[in-house]
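Below, subunit A partners subunit B and then partners subunit C, in two separate complexes.
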Partner chain A sequence: MLIIRGIALLLDVKYVKNVANLCSVWDMGLQLFRKHISLSPEIEHKTVTGLLRLIESERLGEAIDKTLLSHLLKMFTDLGMYSETFEKPFLECTSEFYATEGVKYLQQSDIPDYLRHAESRLQEEHDRCILYLEANTRKPLIATTEKQLLQRHTSAIIEKGFTVLMEANRVTDLSRMYTLFQRVDAIEMLKQALSLYIRGTGQGIIMDEEKDKDLVSFLLEFKASLDKILEESFAKNEAFSNTIKESFEHLINLRQNRPAELIAKFLDEKLRAGNKGTSEEELEGILDKVLVLFRFIQGKDVFEAFYKKDLAKRLLLGKSASIDAEKSMITKLKTECGSQFTNKLEGMFKDIELSKEINDSFKQSSQARTKLPTGIEMSVHVLTTGYWPTYPPMDVKLPHELNVYQDIFKEFYLSKYSGRRLMWQNSLGHCVLKVEFPKGRKELAVSLFQSVVLMLFNDAQKLSFVDIKESTGIEDKELRRTLQSLACGKVRVLQKTPKGRDIDDKDEFVFNEDFSAPLYRIKVNAIQMKETVEENTSTTERVFQDRQYQVDAAIVRIMKTRKTLSHTLLITELFQQLKFPIKPADMKKRIESLIDREYLERDRSNPQIYNYLA
Partner chain B sequence: MARPMGSSGFEAALAVCPAAAQAYSKYCGIVSGCTNANPREGLADLSRTIDNMEGMRDGIFGDIHKLMSVLEFDDVSQFNSFYDFVFFISRENGQKNITVQKALAAWRIVLVGRFRLLDRWCNFVEKYQRHNISEDAWQQLLAFSRCVNEDLEGYDPKGAWPVIIDDFVEHMHRIYRPSDCSSAMESQCSISNTFRGLNLLPGSKR
Partner chain C sequence: MIPTKAVSKEIERIDQLFYTYADGSSSMIDPEGIETLCSHLEVPHTDVRILMLAWKMGCEKQGYFTLDEWRTGMKALRADSISKLKKAFPELVQEVTRSSNFQDFYPYAFRYCLTEDKKKCIEIPVACELLNLVLSLQFRPQVEKLINYLKHQNEYKVINMDQWMGFLRFCNEINFPSLDNYDADQAWPLILDNFVEWLRASEN
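Then we have the complex of A and B:
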């Protein structure tokens, strides 16, 4: 045709251009060619099927003559027959091909393979467009492929593969899934699957009481792995990050109160002295991570109660790993929950610092220098009642020297701060005793109760349980615990007859003459750090008691301003005001109690409405 | 003196159980505000007067069903005050609330024929309630008996019902309707139909 055009060029230029309704020689050639092809549909059909078969065999992995394909398609384009004659059957054929392939592949291969396959298929189709297809075929072609390979199978892919991938932490595969799902608009589905996965996986562990011990570390790990996946696989998608937060919050609060308690205890373990191998920075990191969990907790008051209890013990028994770390934790809590949450905790630190000063000035005071019994040294923590946890008063008959000491200190303190009342918390005291064992001299770090018991043996060889109880005046259960720690633990300063793990009324105790230990200074007062069952229940109970008062106060506050309010509105306002999780039934009980105490009454005409009684 | 009850009823009541009728009449007088005294103090006085005579309170309590059988309640509010009067009489030694035992006995007299779930209610309270019954719970039960059907239709779990009533409803659902909702709906209809013919007592809303 080129030649013909070359020959007839003059004709073209001189004649055709100037006459309307006449095509150039070239165009006329094309027209004639098209006419002949359309006259014999057989040829047209053969060409098209031939083309399709070629493409299909390429898809199946065979090498084909791409130049031929390219030329033929170019011809179709030139003849204006591309979209009608070729593109339509081509897309149909593609759809059919991938439909069968998708089903087949999904059955025989696992999800990561399938996704990888889909990805490479999409790439191939893309290349095909560049190599020999018309550019505007690309969109419908890719869409068809996506539809057949992905869209139709999204739920199956998620169902079959999502959990497996998450569990195995397959970051790249998940990332592939994310990109592919994004193409077919199935991100919402992926998000739901993620939420379900988080809730499902965590539930078993949260609810299983036997796994309480590892709960916090599990949650930390889980959160870390989720964060990693979010960052590396889900492109830090905001919606996904929110989903993770929501699901996590749901997860942690599945069980009330206990997770908060466990988080507090986990922190206690980390902040307690004797954590070898953790540097300051590592500790900081852990604190930050735990704080993330803390954020999800709804019942923060439970956390506060337990944290406070443990903090008190760390401070008073000198077991804190680092005051800097303690303070940094308090600062973190403060930024998280406001100063109201932490002012009691800060007060505790203040007390400790003040106590140091008081002790120093006490030692230099005239009272101390003139009247104090010699041979003992004492330091006193003066605690402000409201800041610290409440401790049940425990009576004990102290040795004479200690009593004198206490009285002198009291005199000194009250002369400085008149009008205050001092109460001794014997259960929190701890001492260092110097003991002459036949096999060597030792220093024992013991609790005050332990030392009171031990000092009895200064004057006696053998004492029965009843004797000890009488002369110390320690409460029965506490005394049993104390004796157990002295005679049945790792460090046996006393010997008990008959032997056994439990303390019986008839048991007798003698000083252990054969005591020996490699170290000079020995700690026996671990029982003081340990949380007793009673402590635990009383802490929890106090939280619940506090909550009741808070509910009552909130109801009265609301009703005082509103005077009259319907039940539903009152409950809604309460939910807004109260910061801990509470069941509607519990609120109702408080409302009833307030009705009973005549703070409120039901409206005479409508029992759904309450009136405030001034 | 105010005549809060149907006049014929009152004459008969005076004849059958004079003490109870008198007490009730005084009670109504105080509550309706016809006497000048503050109702709260008036009631406290009346309570003291009754307690001053030994055995009087128990005597009146024993006569409640007699009193009820002769009195005629023309409308809801009349029965309301009678129902509250029963609570008033059931209180012992100036206590605010009444014991579960007393409440059960009183309910069995006063709500018979007026509360279709009475037996189930009493069984439930007997089995699970350990605290005393407060005046609020007492009064709300009457309201509950009026607005709730045999099948608990009309009960709104988000309403202001006392917890004891919420617990009762939950208990009923657990025991009598463990199956799925559709069949429950059917049975609801059939029960309502069965009972449509029930002759309603005066003072009952439906």
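Then we have the complex of A and C:
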């Protein structure tokens, strides 16, 4: 054609240009060619099928003559036949190809492979456009591929692979899934799958009481892995982050109260001394992580109650690992829940510091120097009743010296702070006793009850349970526990006959003459310091009692400002005001109780409305 | 003059009737007197009509009729003899069952059972009997179930006025036995929520 054009160049340039209805030689040539091709559809058909077959075999991994392909396609373009004659059947063919492949591949391979495959397929098609297809084809081609390989299979992919990938923590695969799903607008689906996964996975562990012990560490790990996946796989998508939060909150509150209690316990373990191998920074890190869990908890009051109880033990028994860590935890709680929440906890710290000062000034006072019995030393924690957990008072007949000591301290204290009332919490006391064993001198760190029992053996060789009970005045159960710790534990300062774990009324005890131990100072673990079941339930009960008062107070507060309010609105407002989970039935109970006590009345004409009675 | 005479005669007869039953020392008809009255009326003293009579008289204390109360009641019933009083009963029953009056009679029945000062609740067995007495005429199926429930549950030992009024509202408003318009999110007393839950559970 170039030659023809060369020959007829003059004609082309001079004549054709000036005549309206004639095309240039070049165009004319093309037109003629097109006409002849279309005259024989067989050729057209053969060419197109040939092209499609070539592309298909490339897709199947064979090497093909890309130049030929490229030339032929160029020809179609030049002839203006590309989109009609080639593109349409090509897209149809593609759609068909990937439809079959998608179904087949999904059955054959696992999800990560499938996703990888889809990803590379998309890349191939993309390259194809650059290599020999027209640029316009890219959009519909990629869309077709996405549709057949991904869109149609999204739910199957999620169903088959999402949980597996999450469980195996496969960050890259998940990230691939996220990117691919984003292309086909299926992010919402992925989000739902995530929410379901979190709820489903955690449920078994949260509800299983036997796994209570590891619950907190499980939750911490679970949260950390979710965070990692969010960051590395889901591009920190905000909607995903919210889904994680919501689902986690749902999960942790599936079981009321108990997780809050367990989190408090977990912290106790971490903050207690003897937790060696954790540096200050590590501890800080753990505290921060636990705080994230705490944020999800609805029953924060349950947490507070247990945290307080454990904190009290740490402070009074000097078992806290680090006062700095303790204070940092309080500060964290304060930022989280406001000063009202930590008010009492801070009060406890203040009491401990103040007690130190009081003890120092007591030791220097004239009363102490002149009147104190010699041979013993005593230090006292003065605790403000409201700040600390309530301890049941326990009677004990103290040795004379301690009684004198207590009286003198009381006299000293009241002379400094008149108008106060001191109550001795004997169950919390602990002592160090110097003991002369035949095999060497030892110091025993024991509880006050233990020491009261041991002191009896200063004057006696052998005592029966009943004797001891009479002389000490310690409550029966408590005394049994105490004796068990002295005669049946690891460190046996007393010997019991007959031998056995349980303390019987007829059991007799003697001082263990053969006692020996490698260390000079020995701690006799007190069994009563372990948490008893009763103690636990009573803490929970107290929380519930407190909640009842809070509900009552909230109802009265709301009704006082509103004067009259419908039942539904009152319940709605209560849900907003109360910070712990509560059932509508429990609210009804409180409302009815207030009607009974004549704070409220049901409106005479409309029973759905309450009136406030001033 | 004649009507006044008639009226005064009527009052006289009413008073006379009162003193036949009144206890001389307390100048009231006491429980014993009421029992005699009932036997003359040939109705048991636990009959709902006696409760209605008490309501009509505006009687304040269970088991006692004062002269004033007696006069108000008898005059309103236009009765000055036992036979007339007996005849007045059907009309009285009709009057009480009229919804506007029943709204007054129903809480009255509850208050009437508060035998001691400052008492605000009635015990479950009493409540059951009272329900049976005042509501079973109109709402027998509901009352039967409710009484069954009250005897079966052990959460509540007593019934207060709010709950008592709730029972009536329940009978008036809730489709029975389908309960399809009962909504526990509304201000129904909790005891009714529990009752409905129990009903639904026992159905399945």
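Operating definition for what follows: the second predicted complex is superposed on the first by the 610 of 614 C-alpha atoms of A that agree within 3 Å, B and C clash if a C-alpha of one lies under 4 Å from a C-alpha of the other, contacts with A are read in each partner's own complex, and residues count from 1 in each chain.
In the analysis below, contacts are C-beta pairs under 8 Å (C-beta built on N, C-alpha and C of every residue); 3 or more make two chains touch, one makes a residue touch a chain.
Note that the coordinates shown come from a computational prediction; the quantities given were computed from them, not determined experimentally.
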| item | value |
| --- | --- |
| Fit or clash between subunit C and subunit B when superposed on subunit A | clash |
| Which superposed partner A:P518 touches (first subunit B, second subunit C, both, neither) | neither |
| Which of subunit B and subunit C A:G204 touches, first, second, both or neither | neither |
| Touched partner set for A:G419, first subunit B, second subunit C, both or neither | neither |
| Contact residues common to both interfaces of subunit A (with subunit B and with subunit C) | 566-568, 571, 584-585, 588-589, 592, 595-596, 602, 607-608, 610 |
| Complex interface listing, subunit B residues touching subunit A | 96-97, 134-137, 139-140, 143, 158-163, 166 |
| Residue ranges of subunit A in contact with subunit B within the complex | 566-568, 571, 584-585, 588-589, 591-592, 595-596, 602, 607-608, 610 |
| Subunit C-touching residues of subunit A, taken from the complex the two chains share | 566-568, 571, 584-585, 588-589, 592, 595-596, 602, 607-610 |
| Contact footprint of subunit A on subunit C as seen in their complex | 120, 160, 162-163, 165-166, 169, 184-187, 189-190, 193 |
